[in-house]
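Below you'll find the structures, each written out as structure tokens.
Here come two complexes built around chain A, the first alongside chain B, the second alongside chain C.
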Partner chain A sequence: MSRSKAARPLSRTDLETRELDGEYFLYDPVTDRVVLINRSAAVILALCDGTRLEDEIAAEVQRLYGSKTERLDEDVWATLAQFTAQGLIGAAQLTAQLEPDE
Partner chain B sequence: MNDSCASFQLLDRLILVESGSPGFIADLRRCFEEEAAQPSQAAGSADLKVRVAVFAEAGKAQPRVEVTSTPEKALRMRTAFTASAGWSVARELVQWVVDSASSYYVFHSGSVARGGRGILMPGATHSGKSTLTVALAQRGFDILSDEVGAIRVEGGMQIGFGRALSVRSEVVGELGIEEPSESGCFADGAYILRAGALGLSRASSARTALVVLPTYQGRAPTELRALRPAAAVMALYQASCSQPRWKLAGLDFVIDLATRVPCFELTYSDMHEAARAIDGTFRDVCAREIPLELGRARVLEQGEPSP
Partner chain C sequence: MKRSADILSITDQLLLLAVRESKTKAEDARRLLEQADVDWDGLSRDSGQNRVDSFVADLLAHPSLQKHLAPDRAADWRARGMLGVFRMEIFHKRIGDLGSALQNAGVDMLAYKGIDFQLRCYSSEQPRGFSDIDILVAPRDVDSAAACLEMAGYYPADGRKTLDYYRRFHLHAVYRHTRHPWPIELHWALDAPLGTGFDSAALILGAAESSSELGPGVLRPRSIDALALMCTHLEKHLAHAPWLPDASARLKAVIMGSGLIWLLDIVRWMRRHAKATSADDVLERMRELGAERSYILALRLAADLEPQALPAWALHAALTSRRVPLIARLIYPDLSRGRAATAAGEKRRTVLYAPRPQWGFRPIRVLQVLLPAGRVPVESTVPIRTRVHRAARRTCLIGANAWALARTHAHNRRGRR
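Presenting the complex of A and B:
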């Protein structure tokens, strides 16, 4: 399924988080699965609050890390795609449908 | 010995199995290290009672087996086995114990101990848990289990699990084990063997000092690498049998274990080299620990012999 950058990803609120040495475990109480993410991915997930477009999340990540590269944008979108595949950002697809085409 | 029933103590569960088939009861006994108590004593206090009916079917060489359990103590029903009936029922009993053990966190894991300290070896099927368990026992470790690595949640002790060993036929020769001649001791491509029959010793409990996650890879050199705690957590979590019961508390337990205990991943093809490497790492880990009885230390007087 293709992803629209017009989506406003929203992370699930029922995930439990544990931190260990700068890495984060996300515990999904529905599936009993655990996903391990690094600090950068945790920052991206934290920005998925349903108010930012994917482009805005990428821009915010670039601002936080003080660099602007196409590669970083691609990393952010790839991470968001993984979050969607893992079921960590539930509303992204729905929001995408509601956004007008750019 | 009663040939119509047998009882087994596994973790904190007492199981009584009854059958009109003495052959089946004998077969089942071979699947466990020892019996718990006289069946007459177990009858009143058993946590699970299972009745097994064995009968011949016309035109079939193998007996048909039906298992029922008392309704209030549910055992997943298996209505028919045509081969290895004792081992199949034993596996069901082990699964029931693991699922119902409320005081233990259980890994799909080999488990050995020496000097009161334990090694947990969680791994997938065919990773070599049983082989390494036996190979380490041949180097002087005591066996807790080759399959069920149980840790008491309160206190964190590794606890022995009295199922017999299941050693794959292709490694029996390499381990120097004589192929057992008793019938009914072979199931799922493995020999079912009691530790005592192999001259190996068992332990009842130990404090976990080392976690090794083995992977067998044909022709791979033996390599034991320290795992960062987060990676160890994920590997331990995948080897867990207890998650359906423990949920988030289970993740917390695994994180606690992985941060307290050194965790290594092992790739190997030679079981003896692998056992040697694990043994060496275990010695290093134990040597780095602060002696538990440090409080008893005192400075000896000049010339006083060391106790």
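Presenting the complex of A and C:
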């Protein structure tokens, strides 16, 4: 199964965030766990406001970083997949459609 | 037999370095890391269990140690260090909310142990670790407090047992919350380690102070009471540790008992509050609360962790307490009985010996060690500064080496016969 690029990811509102020396610490009060992410990942997470499709998030990241490469798209999708796996993007709010791998 | 130096593993030594106040701790840690492979998983486990993650994280963040950590591991420790900061903020909010709810129900609630010591002795950037929240209410308020907890979304950790069961057979009940990982312990009496009677909840609640940091509905114990509560808690969980024969063994027992943070609490209390506290006040209050023995045992361990933190009066209290001279002598092996000269050739020699000169005792001539002349080398004399109980002045030797000197003397005497 893979997630459709038509998903509109929404980051959880109960996450606590703190920036220190260019690193971002996300605290999940449910699991009592801290996830350390870099600035680029923090930008991607901030764009997960439930209004943008994954493709749109990737395009926005490309615009922000002034580059347009296929690799960057893949990085954004991989980051979003990690966020999902770690529960940082709320599954209930996610409008992702699951579709079978071909 | 294992030598004491081998008792503490590399990870134990790193934990101790992390919590001690030392300007050379990073350099000492670097030497340790270069000596041998570190059991990083063991360090993570022991650091978490002893609730000293933020201190270890701070130590490992030192630039000189970075080359010894893989990038992933270094990032993991940075995250662990920050975890304590997030937790502390949420703990404060939860305890404040709960205090308001209980205040509205007319219940006085006292927050003590970890949450209280965090505010008392630690910074918000480098907090102590927590595993639960301890609150104390008067026995008559237990039902109201339990009802407030349940209204706030908490539920009994063991739903099979009723509150009445806990009231009959326990001194506290544990509550959990679906959205928070740590439990709240609702206490209505205080633990009485070894059955000495420490049911002093009313005394402590009666002297409690309001807390601006945690909100108007939350009381905190008086400074000395907070120390008494922590000493008693330490004895409850680490009662065996002070009786072990040397400092390494005692500290190892503390680490294995997951109690390093409680020891650090005692040391920090001494550093922060001892100057503003009278020795007599502390001892008198400990006696009122039935916590004198716990206090002396805790001092024994605190001296192992960081002797410089203990003021002279703390040791003085431990050594000269009329109520607990036997305990004091047992847990301070330095304290041993002297005797009169009996053998020909012996002469009385006064040895002034301060085992821990940093305690700054007042000079007295209490240590009259009977030595066969010329047989036992006497180390350089150090002025001793203390007031020692009159009986102890006549009969006791104090000093790290006094015991060894006395044994050597006995050996020499046997050899002469």
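One rule holds for everything that comes next: the second predicted complex is superposed on the first by the 92 of 102 C-alpha atoms of A that agree within 3 Å, B and C clash if a C-alpha of one lies under 4 Å from a C-alpha of the other, contacts with A are read in each partner's own complex, and residues count from 1 in each chain.
We take it that a contact is a pair of C-beta atoms (placed from the backbone, for glycine too) under 8 Å apart; a residue touches a chain by one contact, two chains touch by 3 or more.
All values derive from a computational prediction rather than experimental measurement.
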| item | value |
| --- | --- |
| Fit or clash between chain C and chain B when superposed on chain A | clash |
| Which superposed partner A:E23 touches (first chain B, second chain C, both, neither) | both |
| Contacts of A:T31 with chain B and chain C, given as first, second, both or neither | second |
| Steric overlap of chain C with chain B in the superposed model, located at which of 259-267, 277-285 or 367-375 | 259-267 |
| Residues of chain A that lie at the interface with chain B and also at the interface with chain C | 16, 18, 20, 23, 25, 27, 29, 32, 34, 36 |
| Touch list for chain A against partner chain B, complex | 16, 18, 20-21, 23, 25, 27, 29, 32, 34, 36 |
| In the complex with chain C, residue positions of chain A that touch it | 16, 18, 20, 23, 25, 27, 29-36 |
| Contact set on chain B toward chain A in their complex | 228-231, 233-234, 237, 243-244, 247-248, 251-252, 255, 258-259 |
| Chain C to chain A touching residues, read off their complex | 75-76, 78-80, 82-83, 85-87, 89-90, 179-182 |
